[in-house]
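The same subunit A turns up in both complexes below, where it pairs with subunit B and then with subunit C.
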Partner chain A sequence: MGVTCVCQWPVTESRTVQQTVEMLTRRIEVLGAVKTGNFCVDCETYQSSVPTINSTKLVHLMHNSEQPLTCFSITDTGAFLVADNHLEGIMQKLKGFYTPRKSARVESKGQRFELGDFLVKVGIVSIGPHTKGILVEVEYTPCIIVSDCWNLLSEFMQSFMGNQLPSMPTTLLAKQDLPVTPVDTMMQYLEHFNNFKKGPGGR
Partner chain B sequence: MTSSLPGVNLSNLASSSVPSLQEFVLQGSVVDSACDALLHRLRALCDNVDRAPETFQDHEMVYLLRTSGPGNPVVLRARHARDQHNMPWNYSYFCFDLNAPSFFRQLRYLGQSDISDKSRLVTVRSYLDCSTSEQLPQFLTDIGFRLDHEFVAKGHMFRKGKMKVTITKIFKILTPGNLEALEPLSISQLVELSIIAPSGTDGIGEDMRAFAEQLRPLVSMEKI
Partner chain C sequence: MCAVLFGNEKMAADTDNTKMLMLAIFAVQKLRENVNKTFSSLHDGVKTSTEDEANVDGKVKHFVTQLHHNLCSVNDCFSDLEKLTSNIVKGSQGSSLGVTGFLSLDPVLDKTPMYQQVLQSYKWWTKLKEHSSHASSLLNYHTMRRSTSILGKKRKLQPSLLAYSLQAVDQLVSSLNRQFMDAMVITKVPNMPNVYQVTLGRTFYAIVGLQRLLIERVVIRGQHENIYMDERMVDIWTPSKYKVFQKITDHATSAMLHYQPLRPDMCFFSFMKWLHSYQKLFCSPCRHCGQFLQDNLPPTWHDFRTLLPYHEGCRQ
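Take a look at the complex of A and B:
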């Protein structure tokens, strides 16, 4: 696990999501990256259902195939918990207080590539049955301090993203000299998932 | 879909198969002066006779989530070991740092005792246990839970097959946040026999009762 950057890849009018993914895949493979299977990141949202809890509280339960036995829980105020998968059972015990939001399951699913010390994942984001867009995750695996490797990560991303190079994610901006953890990656995915939920439908 | 990690099914990451478990319990108490005799008895009766009994020293925080109406609050117990600093987990499958000091927390849900069948020989309640990271207290507070009480439990643990036997001294925390200033809650120690098993498992009560009989007259184990 190293420093990770998750960014949205735009889908232009002239291409479908699938065609854009194929184009990105070709660019990554031209660099010499090797397909190493598939990946999935998912998120289910629970909403508070009792008035004792101030306003509406949201609890997001997330999974990542890189840590398949782990459940990440992040609230709308940024509190988080890393737990085993029994946390879902505990949330079910709170059903009088927290209920799953209907059709709020979001996932990013796609192929995983390795190129030396870099991992690249190109995922199609869907909310329920609806495709919403593309998220690209790039990881530089040997380093866990953002300030030590951001330039290198940036240069690598530019080699296949060109002018779509993202700026540093806000999650990483806040802790450039602290070790990153898998939660930081999930925070980035959550931010994008929330944007997809708010934004217009994909194609 | 296949994954790069062997045995990982991507379509089932959000596991819908959280097991439905029950805890079968008998409880009793023993005065401090008789504790050594009970420890000797248990050492002879339980597994690993040749080893010294395992000790534990846990800090438990009990959190409640209340409704505004008449409904029962949900109780969750957050516990962490004060004497164990190593994580027993495989780093590649969990994302925790093995070198981090003492950040393993345990979150436990214990349901109300099931009193539907009065002929049961032992207390039966639903049970769910979850290993978490160190942010557990902050997380519970954030989702609306409030700390009800906390204590430190020190004691010995034995195993007899799938049965766990604990002898626990409960300590009050005199100053919140200071786990060094403790005071014993009583002059007794809590004795618990428990088995975790899938819902509907038969025959457990009889086995536990038979074992409890062997602890008489030092301690009388009861269904609470």
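Take a look at the complex of A and C:
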């Protein structure tokens, strides 16, 4: 578990999502990366069924194939709980208070690459049956302090992203000098998933 | 007197042999000439034309006699050559290897290639001797300062090492801790005497095994890697799973050897100072190429004297 940056990769008019993923994959493999299987990050949203004064409260339940036995739950306000996978069972029991939103399951699925100490994951984001876009996750595993290795990570990302280099994610910006945890990665995914939900429909 | 006679005889035999060899070479040339002639006449065959068909029989006869004549001369040449070769072989081979030469004469050993192997190894050995003598003369010329100093100081090093008591080691460690403040902390590992854990900021851990003040083993591991083998023991053998820390472990081992000729306390101090230079491992670019990454690794090599970061491929 190291410093991770998740960023959206734009899909241009001239290419489909699949073609763009293939192009990215080729670029990563040219650098010498080795395919090491698949990955999946998913998110299910629950909303409070008890009406509150302001608005409905949301809880996002997320899973990451890197931590297969863990369930991350994050609220809208940014509070989080890292628990065992049985948390879903508890949510079932809490049916009276939190109900799952219909067709709100978002997931990013794709291939995982290793290159030295770097991990690169290229995932296709889909909401229900609709494909929405591409998320690229880059991780530098030996380092856990963002401010220490951000420049190094940017240099690596530039090698296959070129001018599409992302700026530092807001989640990481807030805790530059603190050690990162898997929750930070999930926060970044959640932010992107929310953007995809708000944004226009995919191709 | 006998030896002189023997020598003369040997010389005479040698000249005879060369003469024989020359004759044999001529014989081979003659044989080849004849064989060539035979084959070319065979290749040409009987030349006939439609006009003089009556003369065909005569021509064929002539061809056959010609072929017979050619074959006879080839046969003669071959038997000549055989006679010559039978005269040459004996006794000439063993001369170069003295008594060992008699091995070649043993008919039982003819079936085994022992003598040929002996000759080969003799040649190889002579070559080796020649090369090593060249090398030794070259090395003597450029006397290496470092290796000689190690040889000279090692004898001094051993007794002085024992002069350092455990308390002295502890004192040195605490003075180092004061000097590096919070950036680098050296702590004693519980339950394991002589093993120290060096925590370098939030970059990595180094597990250092000591014999009094002599550094014997260094392993570098990531901040979020497990350093305990079980509840009591620190694992000082398993290398890190990260390539960058494996590389630094290699460099630390060479640093340990580099500083060894110094006085034991100086060696320990210099090594720790060198390790301290890794504090900004991930955020300092290579001094030579200005980049952060090379072969997907940060600048893992830190110069032993200047302590400046370089990529392994960029170091001078």
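Following the convention adopted for this analysis, the second predicted complex is superposed on the first by the 200 of 203 C-alpha atoms of A that agree within 3 Å, B and C clash if a C-alpha of one lies under 4 Å from a C-alpha of the other, contacts with A are read in each partner's own complex, and residues count from 1 in each chain.
Criterion: contacts are C-beta pairs under 8 Å (C-beta built on N, C-alpha and C of every residue); 3 or more make two chains touch, one makes a residue touch a chain.
The structure displayed is predicted, hence computed values, not measured ones.
Taken together in the superposed arrangement on subunit A, subunit B and subunit C fit without clashing. If you count the residues of subunit A touched by subunit B and by subunit C, you find the higher number for B. Contacts of A:Met1 after superposition: both subunit B and subunit C are touched. Using the contact criterion defined above for the overlaid structures, shared-chain residue A:Ser147 touches subunit C, although it does not reach subunit B. Between the C-alpha centres of subunit B and subunit C, as viewed from that of subunit A after superposition on chain A, lies an angle of 100 degrees, to the nearest 10. Contact with neither subunit B nor subunit C is seen for A:Gly128 once the two complexes are overlaid on the shared chain.
Of the two partner chains, subunit C is the only one touched by A:Leu115; subunit B is not.
In the superposition on chain A, A:Gly199 makes contact with neither subunit B nor subunit C.
Between subunit B and subunit C, the shortest distance over C-alpha atoms in the superposed arrangement works out to 8 Å. The contact surfaces that subunit B and subunit C form on subunit A in the two complexes overlap at residues 1.
Within the complex formed with subunit B, the subunit A residues making contact are 1, 36-40, 42, 44, 48, 50-53, 57, 59, 61, 63-70, 73, 75, 77, 79-90, 92-94, 96-98, 105, 109, 112, 181-182.
Looking at the complex, you find that subunit B touches subunit A at residues 1-5, 8, 10-11, 13-16, 18-19, 65-68, 71, 74, 76, 93-96, 107, 109, 111, 128-133, 135-136, 138-139, 142-144.
Subunit A contributes residues 1-2, 115-118, 140-145, 147-149, 151-152, 155-156, 159, 179 to its touches with subunit C in the complex.
In the complex of the two chains, the subunit C residues touching subunit A come out as 202-204, 222-224, 242-245, 280-283, 285, 291-293, 295-298.
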